[in-house]
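Each of the two complexes below includes chain A, the first together with chain B, the second together with chain C.
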Partner chain A sequence: MSVRRDRRDKIASLSVQVGFLVALVALWYLGTAYWGISRILLPNPVNVWAELKDILASGEYLPDLRVTLTELAAAFAISCTAGITLGFFISRSPYLIKVFEPLLAGFYSVPVILFLPLYVLFFGLGPGSKIALGTTISFFPIVLNTIAGFGYVDKIFITAARSMGASDFQMFRYVLLPAAFPVILTGLRMGFTVALLAILGSETIASLAGLGHRIVHLAEAMETARMFAYIAFVVVIAALLNTAMSTLERRAKRR
Partner chain B sequence: MTTGDVAIHVRDVSHQFGEPGDAQFVQALQHTSLDIARGELLCLIGPSGCGKSTLLNMIGGLLTPTTGTVEVSGKPVRGPLPHDIAFVFQENALFPWCTIIENVKLGMVFQGVPKAEQEPRARKALDAVGLKDFMGHYPAQLSGGMRQRAALARALSLETGTLLMDEPFGALDEQTRMILGEDLSVLLSTTGKTIVFVTHSLGEAVFLADRVAVFSARPGRIKEIIAVDEPHPRKPSFVTTEKFSRLRNTLYELLHEEIRKAVEQSATVVA
Partner chain C sequence: MSEHLRLKRAFLRHPGLARLAVMIVLFALWEIVARVWIDPTFLSPPSRVLASLGDLFDTKGIPVALRITFWELAIAFAISVVIGLTVGLAVGLSRFSNRSLMPIILLLYGTPQITILPLFILYFGIGPPSKIAFGVSHGIFPIIVTIVAGVQNIKPILMTAAHSMGARRWQIFRWVIFPHMIPTFFAGMRLGMAGVLLGVLLAELYVSTAGIGYFTQLFTQAFEPTKLLGLVSVLAAMAIALNEIVRRAEVHFGRWRTD
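Coming up: the complex of A and B.
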């Protein structure tokens, strides 16, 4: 009974969500087609759709997508390596945890985007400054979750393994790693999400290529319909990437 | 008792946490000596904080005594001796990310049992504690009593001469404790293991033990050792005998005063 009711509730809320989006698009259409909203400020959704089809068919988006994804991959790889390594070493000593955890948590709350001008000075307008920003911003959730994962493993598990003769490697492989894994994974997902945000954002501020750059370029050329089409494209890409990350996280945690 | 019969030698051990004068200084156990015979089941009972778990951890090599020495099977204990000593801890010591049989096998991996032997030994141990049908379950899917059976199976599969149990049934309800105690008595009577068992329960101590060591309040020392002198495996009806009540009453009288002292101590600490 309750399973069926759960399903019904789910369908009901889903239909409200879909209805809301449909209403929004309908308002958008009516506003631009009949209520005289400026087409330069807000293009007609039909035009946007036509532009999106053109972008996808021509493959024009490919170079920019490649730039953005490469920046993301590089930033995420660096912050994973650095964050997990550093987090593990800090987690090995209660003293280091006491010193560094609050410090890193403090840095985490700094709006890192403010470092973009500095990074542009250091690394130029190209991918370098985007990678640096993405790395900086995703490093903190990863290192903090790694410290939390390895540093707060229940002592009884360690004592039990020690009493049965576990070597240092076995302790790591069979006790610390599986205990910390789900927590680290959450950190990786959070890091990934903010890295993507930071890279797209910084591309819109100061860049030579990338999806964010393309969107600003179109806005400056007053090609708002095409710009909206690109925004929709990026939203879909971002949603796909984040869903893939969340799915990976859920899969790995399920046991 | 000849020396050949002694499995565990405890010589004049003390343990303190911190240094005298520290705010955190605690004299957990002072100058305790004890011989435990091979195949004997000894219960340690006493008020909270009297050092009975400390003594158990020192026997098992998880804590180093401040003074004195411990020998198990003639070897001085300086750290864990996984081939001689197995532990059963309180409820939560199974690895939650492993199934029950993986938990048992992992113990053998740590101890260094050849891979081919792990599976049959794990199955045998789980069968012995009645968990044959739950080998593929995760600890979170089992009741507290079943988890403790699994923890016992993990310890049994290690085939050590000595088993140290630190309030293994402490987190369980009275009925589950009773059944597990009865099963444990039957199971252990066939293994010939030397067992040290820490408990808070007077009835559990009398029902399981060959001897019961009663601790005084902190700083802990052994106040008296009571022999139970009843063959294993013990029948459930042992609980209803006059002998059982007499022994239980003796323990109660010995403990009552110490528990009161311990409670007053903790009250002063708070004040």
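Coming up: the complex of A and C.
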């Protein structure tokens, strides 16, 4: 394929993408400004933009953002520690892998969101129930990937290192860890994404503070324009966090 | 050989047996902890939960709520499969639409849709339609992405061979693309089912007037852990069963492919 045609394709597909977004915003504007769609159902994009600027300028989002990020950090820290430790110990024996891996994978297929009412009962409406749900949901991809990373290192590397007299520590540092690291990182990224989702979700369903709570609060007050602005804000924050995580994963893998 | 050694050997030979033992130990721990240490307004032992399942189904409204939730799941899944398959094929089969539309789809797939849950309630009301719509919004993207990936993974040599032997567009679709799509289709269905479960249950828990979300909230506020645990177990069983059906289908229809 020629370079010229390739470039022409790229420009064409880019223009479709841009056209799609422009058409969407234009329809949105026309619909709300001229065609009489209710302000409560769909606010005018100009209003949403004004609200967004107001939110960012006033710093009103800060307490909620802090709550959500603290919950996320706590949940992710717990599930990382527990998941990697447990995964490592299970992966040390093929027998334990055979016993525990199907068990964990089975649990993984239960929609963890079902536990939210239980967690609200146990830990209350505050951050406790959010941290618990975020931990539960992110634990499984992390532990399963840790098992997959450490447990399925090619036998020939281990035999080679042993026969050349590697100590346990050397084995871990130079054979097991480099082999397992990329797989574990993928697990961490998956865990991070679902933990963020779970925390936003549980804040939406039952909470006292946090970004999800703020959106619901505005929805119930029918302040749709401000709600749209907050939705945009949260989507951008989530996208930034997830992009940061994927970039970290890619860079660490390349080394 | 002593009894002890024989037991050990049985466990070593059958990991499934050990798995069962682990589960029994966990349930026993839960039973003991719940009976001895924890306040019964927060946690009940599994034996009591099991015993009260009959009571739970006799509670007015619960069977209806479970039926509503099941139909929400089924309808949302059916709609997701139809839309996901159509869009996935349309996007995947043309190089141009793939390059121009796929980034938009991936962008939408990557956004945390939970943030727009209040909008779904605003547009579709608090009844089943909002749950179905939210389930569909979670279900279609994994299906689209899987189908597109599946279409792209068809070896070009097969297409070229079919072409050079004079196959028409429809024939290529019927004899090359379609058989190759079956495993992908079921893999997409499995992921779609997980998404639909998440979406419908999220929406149910968020606001509900007659579905299971109403009852989980009722039991939480009334501090009735026995009934709450029972209801959650029944739902988990339903979710596992639905997941298992699509997973079995995936294995069953994917077995002809040996590579």
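The working rule: the second predicted complex is superposed on the first by the 240 of 255 C-alpha atoms of A that agree within 3 Å, B and C clash if a C-alpha of one lies under 4 Å from a C-alpha of the other, contacts with A are read in each partner's own complex, and residues count from 1 in each chain.
In this section, a contact is a pair of C-beta atoms (placed from the backbone, for glycine too) under 8 Å apart; a residue touches a chain by one contact, two chains touch by 3 or more.
Since this is a predicted model, take the numbers as computed values, not measurements.
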First, second, both or neither for A:F88, with chain B first and chain C second: neither
Broader residue contact with chain A after superposition on the shared chain, chain B or chain C: C
Which superposed partner A:V175 touches (first chain B, second chain C, both, neither): first
First (chain B), second (chain C), both or neither touched by A:F150: neither
Partner chain(s) touched by A:Y61 [first = chain B, second = chain C, both, neither]: neither
Chain B versus chain C as contact partner of A:V235, first or second or both or neither: second
Touched partner set for A:L114, first chain B, second chain C, both or neither: second
Contacts of A:M164 with chain B and chain C, given as first, second, both or neither: first
Residue ranges of chain C touching chain A (in the complex, touch as defined): 12, 15, 18-19, 22-23, 42-43, 95-96, 99-101, 103-104, 110-112, 114-119, 121-123, 194, 197-198, 201-202, 205-206, 216-217, 219-220, 223, 225, 228-229, 232, 235-236, 239-240, 243
In the complex, chain A residues that touch chain B: 154, 156-157, 159-167, 170, 174-175, 178-179, 255
Chain C-facing residues of chain A, complex: 9-10, 12-14, 16-17, 20, 40-41, 95, 98-100, 102-103, 106, 109-111, 113-118, 120-122, 196-197, 200-201, 204-205, 212, 215-216, 218-220, 224, 227, 231, 234-235, 238-239, 242
Chain A-facing residues of chain B, complex: 60-62, 80, 82-83, 85-87, 89-90, 92-93, 95, 97-98, 106-107, 109-112, 138, 158
